[in-house]
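Next come two complexes, and both contain chain A; in the first it sits with chain B, in the second with chain C.
Coming up: the complex of A and B.
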């Protein structure tokens, strides 16, 4: 019996996320109606070194608050469906803007790989990126690829494998907010932790509640209800 | 047993926890969070990204420092708007004239043909005096401005300036409780309000989308340009000639447009404080690098596409309306035509607004498309019920003056045109987009009330002041 690991792809629109998805899965894909919602996500499979992976292409979003349906779908998948690995695809030519989303995702989950895509385009424009430094600072693997030219794939696939199998443990750097917010988070977090246990990052939930994320609140309520029903 | 208790307990706790979080929270919390994220991204990039030859990026940064500057951003926008309108107004004069003369010349042959086959008068009336003149009027008045306005707009867009406009406007929209992307749907509205309804889909939040939909009408569309430009140049710039005339016309039109934008903000603000309460959502606006577009390709494509759309609309809407007006003017009940019955009925109300019965009738029959309001009005004014050949604008002005028009009538007609109910196509699209009769009706009612209120106040105060 071989286990299938689930790998979610997140990223800003126009970062070549779907190009990467297509390049990795080839023709082995279909669109799945996910979690009974009207949103369809593209899914595909991939085999590397005898291990099967299921890839899920999340909607492209600029942030992952609850501004739109797409953002909610992406957030719910990452937080509640808990993929084994989350790939955050970022555009090498506008890294600063793209890292916003990556930082937000790092608050939600640990097993993240940051794929710096369009590296060929960036090099053409004279942008050089020190991925080792970023890896150190972010606490998760940062890998340069070009989905179009299929460069950087071997390292990416090996890293996915090591992360999925638990051979590599991530320690995502967390953002420190200003003192005021940190105090508020600290006062809420213990209560949140009691409720969500270690299934979801309590720091993140506390922050979202402070931000007035009602959609997350509803989601938490219904998820707890489902659990109760099955108990 | 135990888990059940724990879980039902936690659901109650969740609500309590959320309330607690809300008490702790402050209104600037999201801004602070987003700010921290941006700072961190910036720090990471400063450390880990090295630019070696980024001439284009630096140029973009320098241009953005000017175009999106808190001081220069708005004046530059005004100037740009002025330039676009000036080019449109000054440039459209000559071709408009040429096209009108061409259609007039062609009409002689068509008339000769009808005489040759000895067609009955009513057939000649419906087809030539109604349909042909209605359609060709729309084409000759609308087509040249569109063929200049749209390519200019498309060029600004392709150079990368329009996203900066959205960026600048975001500050105001946020203040009035709306979404910054509303400025993009507004820009779309300059072309066509009906199309802008569809473009409002780019706004994710239903509340802010509704604001964009309900206020879009206050930017004058394609179909209203003609009315605004013709009336401004006839009555507002009457004492000027040549370049100065175009300049005065432009200033009046720009003033009208700014007034429309002001009303947009006001209405958005009022709605977001009353029926559409809420806080504006955050969003990311991409500011692409400035780049030189393919000039001729942009110009040719946008003018051809637009011209085609205008022509098609002229035939689809102006033609039947031309026929309808001719029929109304030539079918009598008692000893008065149906048209005159309508006009007499509307006249007292029209006078209160500084307008008259003909003008209100034209707006009503013009519901399907704003393009036809002015041609219908002129057809109404002429006793035959057919649009006479108007060879030059002087003739046109005489028609208006004979009906007792003053600058006040022109101003109020322009304002009414700017503020009144959206056209039929737009209303249908609003219904399709919102799936709600209530909102579609409000989209009709709000602008109409404002149009009546504004023109009433102006007409009455001018009367008071003598």
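Coming up: the complex of A and C.
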């Protein structure tokens, strides 16, 4: 077995995402430049229990709805490059703000692990977090870590492995919108599903189209055209 | 207290707490503000004003964010500090 799994790291700026990245890869990262992209992504490798992983450090963003180039790069990577696992790194001291991005990513992809970082800092401030309740509510593993002190790593690495190998299946909580929106999603989704097949979540694409996300529409058009062009 | 407490964020004074009720902004800017924590129901504190009154710094979801008049005058809320 020489397969390498791809693990993407997403998160708000200043959540210790890069600290985690460096701690996991042992500072062996180099910057990768993705085809057609000018924004560079840091990339590194990690071996755990004989399995190789390629880690990709996505740009830190508050959202993933392509307000900026950074967000577009992060979104395109998660949606179109389809990493085996997406780690969403959140700041334990500012969960409310950070979970916005986490929920957005849960709508895009299933294989997500929420990494609650800076847990030592949160405990110092008297914040306690019930990660089991969060796991139940969100439908994906939620793990408390401190990238700085390297605590919580064994559980994190084992969970990455189980998810990548398909031993653990996530069932992300689905956000239900109000009736009007749900009706429109239901009418759009079959057409979207036909277009993107099962490569991308059709519900998510339908939602983005309803929101008038033209940048995603352009991206979809150009990517689908490339595929059709060869036929 | 018969007087309505509805004001825009722009009309807030330093130290006011305003609970957001609605936003007359569409598109990318709306999305951006939502992502920054300016969501209906959120309580925003007016932290300080620039010398000329624009922009204004707000405390929202543990972070300070400054908004221009163009945006802050389109966000409505209820003034909360009437005790």
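As a convention for this text, the second predicted complex is superposed on the first by the 227 of 231 C-alpha atoms of A that agree within 3 Å, B and C clash if a C-alpha of one lies under 4 Å from a C-alpha of the other, contacts with A are read in each partner's own complex, and residues count from 1 in each chain.
Keep this in mind: contacts are C-beta pairs under 8 Å (C-beta built on N, C-alpha and C of every residue); 3 or more make two chains touch, one makes a residue touch a chain.
Please read these numbers as outputs of a predicted model, since none were measured by experiment.
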First, second, both or neither for A:220, with chain B first and chain C second: first
Which superposed partner A:97 touches (first chain B, second chain C, both, neither): both
Touching partner for A:134 - first (chain B), second (chain C), both, neither: first
Touched partner set for A:210, first chain B, second chain C, both or neither: first
Chain A: partner with more touched residues, chain B or chain C: B
First (chain B), second (chain C), both or neither touched by A:201: neither
Which superposed partner A:117 touches (first chain B, second chain C, both, neither): neither
First (chain B), second (chain C), both or neither touched by A:62: both
Chain C-contacting residues of chain A that also contact chain B: 62-63, 65, 67, 96-97, 100, 211-212
Residue numbers on chain A that touch chain C, as the complex places them: 62-63, 65, 67, 93-94, 96-97, 100, 211-212
Touching residues (chain side chain A, partner chain B) in the complex: 62-63, 65, 67-70, 95-97, 99-100, 103-104, 125-131, 133-134, 137-138, 175-178, 180-181, 184, 187-188, 191-192, 195, 206-207, 209-212, 214, 217, 220-221, 224-225, 227-228, 231
List of chain C residues in touch with chain A within their complex: 27-28, 31-32, 35-37, 61-63
In the complex, chain B residues that touch chain A: 3-4, 7-8, 10-11, 13-15, 17-18, 20-22, 24-25, 29-30, 32-33, 36-38, 40-42, 44-45, 47-54, 56, 204-205, 281-284, 286
